[in-house]
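Just so it is clear, A, B, C and D label the chains in written order, and each chain counts residues from 1 on its own.
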Amino acid sequence: MFKVAILGATGYTALELLKLLRRHPFVEVVAVTSRENTNPIAVVHPSLTGQYDVNCENLKPTDLAERGVDTVFSCLPHTATAAVAPELLELGMKVIDFGADYRLNSAEVFNKWYNVTHPDPDRVPNTPYGLPELFRDQIKGARLVANPGCYPTSAILPLAPLLKNDYISPDDVIIDSKSGVSGAGRKPSLKNLYPECNEAISAYGVGTHRHTPEIEEILMNASGREAKVVFTPHLTPMDRGILTTTYSKPLKSATQEELLAYLREFYENEPFVQVVDALPSTKDVIYTNRCHITVRVVGPRVVTVSVIDNLIKGAAGAAVQNFNLIHDLDETTALI
Amino acid sequence: MFKVAILGATGYTALELLKLLRRHPFVEVVAVTSRENTNPIAVVHPSLTGQYDVNCENLKPTDLAERGVDTVFSCLPHTATAAVAPELLELGMKVIDFGADYRLNSAEVFNKWYNVTHPDPDRVPNTPYGLPELFRDQIKGARLVANPGCYPTSAILPLAPLLKNDYISPDDVIIDSKSGVSGAGRKPSLKNLYPECNEAISAYGVGTHRHTPEIEEILMNASGREAKVVFTPHLTPMDRGILTTTYSKPLKSATQEELLAYLREFYENEPFVQVVDALPSTKDVIYTNRCHITVRVVGPRVVTVSVIDNLIKGAAGAAVQNFNLIHDLDETTALI
Amino acid sequence: MFKVAILGATGYTALELLKLLRRHPFVEVVAVTSRENTNPIAVVHPSLTGQYDVNCENLKPTDLAERGVDTVFSCLPHTATAAVAPELLELGMKVIDFGADYRLNSAEVFNKWYNVTHPDPDRVPNTPYGLPELFRDQIKGARLVANPGCYPTSAILPLAPLLKNDYISPDDVIIDSKSGVSGAGRKPSLKNLYPECNEAISAYGVGTHRHTPEIEEILMNASGREAKVVFTPHLTPMDRGILTTTYSKPLKSATQEELLAYLREFYENEPFVQVVDALPSTKDVIYTNRCHITVRVVGPRVVTVSVIDNLIKGAAGAAVQNFNLIHDLDETTALI
Amino acid sequence: MFKVAILGATGYTALELLKLLRRHPFVEVVAVTSRENTNPIAVVHPSLTGQYDVNCENLKPTDLAERGVDTVFSCLPHTATAAVAPELLELGMKVIDFGADYRLNSAEVFNKWYNVTHPDPDRVPNTPYGLPELFRDQIKGARLVANPGCYPTSAILPLAPLLKNDYISPDDVIIDSKSGVSGAGRKPSLKNLYPECNEAISAYGVGTHRHTPEIEEILMNASGREAKVVFTPHLTPMDRGILTTTYSKPLKSATQEELLAYLREFYENEPFVQVVDALPSTKDVIYTNRCHITVRVVGPRVVTVSVIDNLIKGAAGAAVQNFNLIHDLDETTALI
């Protein structure tokens, strides 16, 4: 039985993680933290009533070590994880970070996009990117894993294989994503108020969203060449789910059927990625750890459409998948 | 042309009022106020872009008088209107209050339910209740009108006629209301966050909602006897609309057809109340100033179902209807 | 390993059942039936992609027996299950019926409310009502179980305990329920079209809904006296979830705290019923097999508020719970 | 007073048209047609209760002429309008077609995309495209107008001005549109069922949507060169509204501010097009005849974001705007 702690337990990703961990036969949640909230977790998240008997606490790394925590899931805001990760690791704990602190290859790029100074720059280039479908081997031995962003997961899974085999060019990729509102977090603000979001779709962060460099780095990794991405996220009136439509230039001639067959083969042993013929809906994958992908050839463009649950495959589910990998458990444990 | 001002212009009821007033041929909006916001109204409410060229300002009654304001629509929180209404009236302006300050018959009852001290207690018992279908004559000559609450409007319109003719008893009335989330206002809080409200229905204020005494007083007025109401509001995952289901005891025998015919006759000259045979949906009336009502006899109970738009017939539309009445205009101006 | 079949596999309850059974360690789905559809189940329900390798088939009871089916889950319309259940039972299979065919005590009452002639009247009075919290002992030994209706589950769980201890009277119970649209089924019709249901709440079947006699019979069973129910269902703009608000007359004096304590004790060993202090939201229980209940005393009435997922605790989850019981498995298997 | 008829009055666009015409001081609706429905229009559309006293009828052009109809709004499916338009025109009536029959420049292209034989090919190239912002002069004198498609309206309004001034290239335009479900019509089918569409976003018609040639022709008209469009529509969980995001290649260097200023000047006298600085939401324009547009420069691409109400500016509102133009009325009549 692995004892785990969740840092920053009051938000939506932590809630999903707690729901998944209820089904995990080898996990015991021994601590859930919050800077200010001291309520029972079932008061913070009423859907956990009768499921967990644990209160939010403001805990230090040494407190977690004393409780025998093996792995820390951190749902803290950016830079907050990197501020405590070194001590957690030094105390012998493993860390899975839901945030962006260790996703990029360089602290400098991070500092530029996040407009901060990274508290733990040296670990940035050496931390595996926690997308098992592409980086399983690096994750397996890791003690610190950077869980991918939700948008990047939805965009990379269809694009990386096509880039790896030079089907498409990395230098003019348009990524148009549509996300449910849970992606905007649980902190009240005018922009995520029900009557503002309901019956409304809007673009945000056009050209400036912080997931852009993350996507570009992983696509570059796949293609071996610099990737140039135009990324537009949209806030969609639904709780959860991301649908990402991408538009790329072909590098070599291939029919739609060939591309579908190639993707199907690429992912044939993956339990959580399904290549489908029909155009997928977010509804096909919400509340699951799965990604459905299809591809179309439209005139001068290769178009991919992919769907995930932003809170599961895009966050908590991927974290459990990574947890299973670093502990050498069946990768699908608690995720079916 | 009547010059009007709107106090507290940043919320949803003020927005609806501004939309309606755009269609009013005899109204000019000369001031919109906010304590803190100083933005153009089209920045506060982007749906007004190109419609109004006016900024939010923090204005005093004398400022409004200087601009020649004839009528003030107040969307301020409770007690805030009563704090300024005396001066506004003294300066010669008319006041239509969206809030509860002048709805009840007694300041004492108000103080008890709202847990405050009413700033203008003497006007409370003498202010007409702005539901034209029941109190048109009092409203016509008034300089101060108390616009009804949204829930009360939806409950009183079906029940008052049945009580007036002793079809039902006033002493055991159950009112189960379902409202869209705009009724919770535009101030960000966890309870009206999109991911909390979406795909969710919940009851709130069971037995304690402040619209209870308002409903009881008007039902008492209709029946001539004390009314006892059990009122349960529910937050429903939709922008707007209230559906109210009531359950009453019959006082005398009447078939469903008789009750329908009676209600139809009662409201036959009303432009904004339609008695319908089929069970109505909120969708039939949202974005309008209308109320649809039907009635059923179910075993030992008379059941009414009524629907309104909480922001229009339940707020801004009723206010314009009252405005038209006090200015002796066609009551339907700007409301078709 | 128990081999199971699902009759009528193209609808929403069958989909939920298939999702739950994926997590059941002792179940193998060997047949899914449809009269007309012959597609792979993942084409019928894209969210099952990669989960099941089985096609819809039009199968007879003998076909199922040949495949070694142990238990049949029937999601067929009313009377269709009772038309095949006798043969299925005779062939040695167990049957869990999602429909109403065996829920009532008498085929006569069934015939009256459903306006048909029951094909298997003799089994009607002897079939246990599959609500484990009240009828666990009868279910345990059964070979045929009548899975409860979704509305009845939401109303009976709060009311039956209060009736059993004479806290409330059974002869004037008002039940106002709000259900997500999945309860209306997957057959296209104007009434369940997106633009008709979205941003809309409406009542339907006022005084005529077929769940009324089912509720009355079980409440009568609980109180020992005839129960008289006024039941109003409402179609609510959300996928799933039922919130039921009930209004009853107290039979003896009891405070809200006493009623809460009594209910908490009544359900203290139940894994799927939680008595909560705060007013619950459907969101607290959707996608789970749980029911949250609270109670309030409001003037002359006892008010209960309860929430379930109509497709899980109100259908597929209850069916799995019953399956576990009749096979002497841990009742929570596949339901956490 | 102009007498008008609406052909195909049972759908959503006809409903919106009827709502708008209620506010039109110079219009009398004397006929609403349906092939099969003979109900009062308020039974077909309950939101029209008390607004219109007219029944659906199956009427021939001569019937309409006998009633003195001046203008026919046709909401019939494609080819159905072109089958009756010649006779309507010959009888002296004017026709505004909501469908695609007369939108393209050539009947051949129409036949290819719609896989039919156009019943009235000669009028196709000579009928003005009813987008007043671009073709006001042609519309003014017309007796037959082709009301634009909803997606084309949302895409053309931001793109055409940029093409006219050679800011962007017409040969690699990506158009990613998100529409509310009302765009899928009112005919029940699995794909527009509430539980299929709610909490779900999906792409459809990728590379094959029939609005593609319509967009390409008008963009070609604006740029003077062949336009090549990749168009992807998405079904979004909301009633109404379209948000269109476009990605184009710049032809000459221009800053974001220059593009905004240019668009603002281009549309400065248009009552229904507003160029805005902030990223717009569909919520800013639903239930209005307005289009909000903004533009961004993102790396190698010009990105536009535009929003309309698909049923109003994308259908019924544009039709009224065209009606006003061909009758030399104030273009905004009934549209404020």
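Criterion: a contact is a pair of C-beta atoms (placed from the backbone, for glycine too) under 8 Å apart; a residue touches a chain by one contact, two chains touch by 3 or more.
Everything numeric in this text was worked out from a predicted model, so none of it was measured.
Any chain touching subunit C that also touches subunit D appears here: A, B. In terms of C-beta pairs in contact, the better-connected of the chain pairs B-C and A-B is B-C. Among the remaining chains, B is positioned farthest from subunit A, on the basis of C-alpha centroids. Centres computed as Cα averages put subunit A at a distance of 36 Å from subunit C. One inter-chain figure worth recording: subunit B and subunit C are separated by 39 Å, centre to centre, where each centre is the mean of the chain's CA atoms.
Put simply, the C-alpha centre of subunit A and that of subunit B have 46 angstrom between them. For subunit A, the set of residues touching two or more other chains reads 180, 196, 198-199, 237-240, 280-281, 283.
Across the complex, subunit D meets subunit C through its residues 12, 180-182, 184, 186, 188-190, 192-199, 237-239. Residue ranges on subunit D touching subunit A, taken from their complex, read 172, 174, 176, 178, 180, 196, 198-204, 206-207, 228, 230, 232, 234, 236-241, 243, 245, 247, 279-283, 286, 296-301, 303, 305, 307.
Against subunit D, in their complex, subunit B makes its touches with residues 22-23, 46-47, 49-50, 199, 271, 274, 276, 278, 280-281, 283-285, 287-288, 290, 292, 336.
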